[in-house]
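Order as written gives the chain letters A, B, C and D; numbering starts at 1 within each chain.
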Amino acid sequence: MSIPGTVQLALYRQMLLIRRTEEQLVRSYQLGLIHGACHTCIGQEAVAVGVCAHLRPDDLVFSTHRGHGHALAKGVPPRAVIAELFGRATGCSGGRGGSMHLFAPEVGLMGTSGIVAASILQAVGAAYAFSLLKQERVSVAFFGDGAANNGAFHEGINMASIWQLPVLFVCENNLYATEVPFASVSRNPDVAVRAPAYGLPGQVIDGNDVLAVYEAAAEAVQRARSGAGPTLLECKTYRTRPHSEGMRDTGYRSAEEVEAWKARCPIKGLAAYLLSEGTATESELAQIEAEVQAVVEEALAFAERSPWPDPSTLTDHVYSL
Amino acid sequence: MRELTFMAATREGLAEEMARDPSIFVMGEGIGARGGNFNSTTGLYELYGPWRLRDAPICERGFTGLCTGAAMAGARPVVDFMFIDFELDALGELFNQTSRIQYMSQGRIRMPILLRGCIGISGSAGPHHSGNYYPLFMHVPGFRVVVPTTPADAKGLIKTALRCDDPVLFLEHKGLLNVRGPVPDGEHLVPFGQAAVVREGRDVTVVAIALQVRHALEAATRLEQEGVSVEVIDPRTLAPLDTGTIVASVHKTGRLLIVDEDYAPCGVGAEIAAQIVDRALDDLDAPIRRLNGAFVPTPYSPPLESAAVPNVGRIAAAIRDLVAE
Amino acid sequence: MSIPGTVQLALYRQMLLIRRTEEQLVRSYQLGLIHGACHTCIGQEAVAVGVCAHLRPDDLVFSTHRGHGHALAKGVPPRAVIAELFGRATGCSGGRGGSMHLFAPEVGLMGTSGIVAASILQAVGAAYAFSLLKQERVSVAFFGDGAANNGAFHEGINMASIWQLPVLFVCENNLYATEVPFASVSRNPDVAVRAPAYGLPGQVIDGNDVLAVYEAAAEAVQRARSGAGPTLLECKTYRTRPHSEGMRDTGYRSAEEVEAWKARCPIKGLAAYLLSEGTATESELAQIEAEVQAVVEEALAFAERSPWPDPSTLTDHVYSL
Amino acid sequence: MRELTFMAATREGLAEEMARDPSIFVMGEGIGARGGNFNSTTGLYELYGPWRLRDAPICERGFTGLCTGAAMAGARPVVDFMFIDFELDALGELFNQTSRIQYMSQGRIRMPILLRGCIGISGSAGPHHSGNYYPLFMHVPGFRVVVPTTPADAKGLIKTALRCDDPVLFLEHKGLLNVRGPVPDGEHLVPFGQAAVVREGRDVTVVAIALQVRHALEAATRLEQEGVSVEVIDPRTLAPLDTGTIVASVHKTGRLLIVDEDYAPCGVGAEIAAQIVDRALDDLDAPIRRLNGAFVPTPYSPPLESAAVPNVGRIAAAIRDLVAE
């Protein structure tokens, strides 16, 4: 598959937008502006970006506690994400949810979730609705390696397979669930190898290579959209920040391991490739950097000046009426 | 009016709504060609095929989560749990997700999902097939909880449920499924939140749930001969709960008994008693009493099972005691 | 593996005992003496018998709604089973449970369950306790094909594998869950092939051949007891009665299919083999038949004359004190 | 007496019992070398290793079922759910199996299992990490439900729990974990089913749960200056519930308010109100009032979150209203 230069640049820009937004969130967290948990995806941007690049606005994404990147990649504006983490009325969930509960159905972001593995089942359900209603839409479940040992994985993937639903299962295997190594909770280092037992295609991908993710996702999305059923993609990747901001990051992984993965940064990697292939110049990349930085700054300012939710709205929307 | 059984009435309501709304589908075990363990979908598979009558693997949590996602994406799922006991494996999905997504999304995502299943102690179904569990769903915000007693209400309430954009728990007592009664043809909608005063009386108010409404009516007939006039109320929906009708009744009678085969602690009777003592203390001429199922896993053997559940005799005795207070 | 003639005869007797007990239960059901559900295992006796033959009294079995055979094979007396289904105080659960809730911890029968798949997790837990307490005991989870698509299967087998617990997973694949064909809820006809994904050995066995089950179980029990971890055994078998007594048995499987499996009756099959090998004579088998029949008749009489539970005991044993 | 934080006291109780009883093991996510998200097991892995401090995969249902089986086979498991919200996926195991096996086996199998987790609305934990859920476990027979408020009770109750042969739900409010208080050394056992009258008063009885006990005490202090004498009761265990102590208090004060940040419907307050109106109607000089958390999924944003939960000011206002009735 040859990926056009413009697409490569778009992937680059999107990853950078996620990275800079996350970095801003880290700083804001340290300043006490974020009130609850804040799980960043720094180091894992390629997965969200490589997959979501193939999605239409009415395709649906179901995400996890580590979902800022998925939200941004699906088209939620950075200002709506930052404002949500700041707990403001202008946040994408009106301040009701925070980091783990980002909702923007208008762009197909159907929620990040504070409960591990919930995304899998809901994505299967959306795909069931698409098949039932004869719509050519696809849904995507993002989930971590930790979710792969949960019953929802088994039940959801099995149903998607038997009914050949238009859904992608994207496992972001970053080797740890909080501090618990995947190797200690699975005798099999790969999640994708489980696919044949369920009768669907599975593939292990370098999740730090956005072009590899992009290619694999292209095929999987096409398979789903054409009615040929679901796919399980396992993206090997790594989070270079602690599990959650404010948490310790020692005792369960080595500094060397972290450094080795930092060296494999998906953004730096793509930048080098773009330059080496002549797809972009240093100054073009600097230009993108500047543009992205401006967007994030504007988003931050927006969030900072946004109003708090009105406590009188506390009980709105529990029911439809 | 023609008569139907309770289950036939529910099925008619479901069938009418499925004809009206192509986004409705049913998911459960054996609800396809088999027509459901309790005939909840008999005949519908032939009309609508596998996508709308979907036999699922035995993974209650999984298909509940699936249906939650399907509702988010524009379908209107009916999850048929067969026995409501099997829904317990899905409570994580239901409490954390299904009930909260409207709120978390600020109402931009709707959750039109119907959860149905059979409840109740009857026929030696034993510890794993006799559950009620409605108080759990009353306790958690986001649900509508519907417990019809008559065939007409069963039809009217399931139709309302299938037009409601909230998660609705629709519960059918196994002891009622074959009860016959008049059922209006076609468009018949019973609104949520309106209790039915199924018998008027002056001396004591009895609020009863599901099958116990029938027992309470029989007890009331017995007591009439003893000169005691009993008012019987069927709440029909437990969330929303029509406390107003109960308050008005207690204002008249001064005495309240709640009869519920489900467990007492933190149950429906507790909630009703708490609301009445808050709103109508001055009307009370006697303590509020609860008559509940025994606080035990439901045993299998007939003499144990019948000792575990209120019946006409025990209701009559509780009313007599209350009148004597 | 050569199985001694005495063992073969014991297996035969045990299968026959289960068959005759089940047949009695069918008749009793038809007479209205059984109050709730009654799921017989007629046609599947070889699995329970072939596995339990290797268990010691303090090894533990966790079973399903279709558990009469497991109970009998583990050593619960027929009278205690029949009395339980009759709802009598002398039943193995004192009448509290009926068909789906047989308990006899004194012989290691830790419960049949009205909830599909619960047995899997509890058996894993018992095995965890054995490892923790350094006991050389093993536990067995029996479960149907229907349970194999439940999250408990995934979660339980994974934990057993990562901690190398002394447990056997015995899937009785009788092709249907109530009326739902396994083929319609799994794209893979075999359950045992899922084992490698979890990192444990798996094996498909002819579940109507008690000697084959016996051999496979011997190895699996030995593996577990020696600390070498769990095994997944899938026994292909068939129930020749309806899912539950009193239920229809048409519309989802053909009469031919049922007849073909009846012809593969595990008891008849073993009888023919015993005769052909000269391990037993016709009259020896007739003798066993008569003895078994006498046991069942005595058990029935016992159940019939047993007292009902005293309603005043209704609330006993909800709590330990 | 030396002072410990609430969590240190709980941990001390657990550590002492683990030293005493080698059949105790803990299972949960990150409770091994990490010592638990809330430091519930810090330091124990070093002492007891992986078999007794077992880091589990993220499969709450699975390890709850596993621990149920382990309890059946002679071990004494502690399931550490971290946030109690994560326990919801395990309710099928807990309600159908864990709570019923003693009954179904006629007491021949015991179920010595401790289920622990943090509860409560605090710190913008949001919709999936702020649950309470104790009424669910009060409703279903078979459980003991323990909700300590002070460090001393935390230690004394967890030690009692670890010697109890029933399933015990042990809940720790996140807002209490770092509260310090005197804690007795060594053998200190607090029995189940004994409420603590944590402040004596004459005019009104306030029953409060977990963190709300502290708020209620503060409100009582405020009201003392206004000449209102408030009695505050901490039930400490919700199942068994010590209604006797509440009845005695209401007999004296004639007024009852229940303060509970958990949802009102079918909650603890409903159960207490129902029992009091049954047993002590004549003592009541005013309606029984409940002050609960708002009936919404717990929102994240600070102004919404604090609007959702009772606080000292709201409790004081509710007491004033009740005294004025």
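Assume a contact is a pair of C-beta atoms (placed from the backbone, for glycine too) under 8 Å apart; a residue touches a chain by one contact, two chains touch by 3 or more.
These numbers come from a predicted model, not from an experiment.
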What's the overlap between the neighbours of chain A and those of chain B?
-> C, D
By the contact definition above, name the pair with the higher C-beta contact count: A-D or C-D.
-> C-D
Rounded to the nearest whole Å, what is the centre-to-centre distance of chain B and chain C, using the mean of the C-alpha atoms as each centre?
-> 36
Averaging C-alpha coordinates per chain, one finds the centres of chain C and chain D separated by a number of Å equal to 41
Interchain centroid distance [CA atoms averaged], chain A/chain C, Å | 46
Contacts with two or more other chains, residues of chain D listed in rising order | 56-57, 59, 61-62, 85, 89, 92, 96, 103-104, 127-128, 141-142, 295-297, 299
What parts of chain C, by residue number, touch at least two of the other chains?
-> 93, 96-97, 101, 113-115, 149-152, 154-155, 158, 162, 184-186, 318
Which positions of chain B touch chain D when the two form their complex?
-> 60-61, 85, 88-92, 95-96, 99-100, 103-104, 127-128, 131, 135-136, 138-142, 239, 241, 263, 265-271, 273-274, 276-279, 281, 284, 286-290, 295-297, 299
Sites on chain A touched by chain C in the complex | 149-155, 158, 161-162, 184-188, 193-194, 196-200
Quick one: in the complex, what on chain B touches chain C?
-> 29-30, 33-34, 37, 55-59, 61-62, 85-86, 89, 123-129, 294-297, 299-304, 306-308
What residues on chain A touch chain B, complex-wise?
-> 60, 62, 93-94, 96-97, 101, 103, 105-106, 110-111, 113-115, 118, 120-133, 137, 139, 151-152, 154-156, 158-159, 162-163, 316-321
What residues on chain B touch chain A, complex-wise?
-> 22-23, 25, 51-52, 54, 56-57, 59, 61-75, 77, 92-93, 96-97, 101-111, 141-142, 144, 164-166
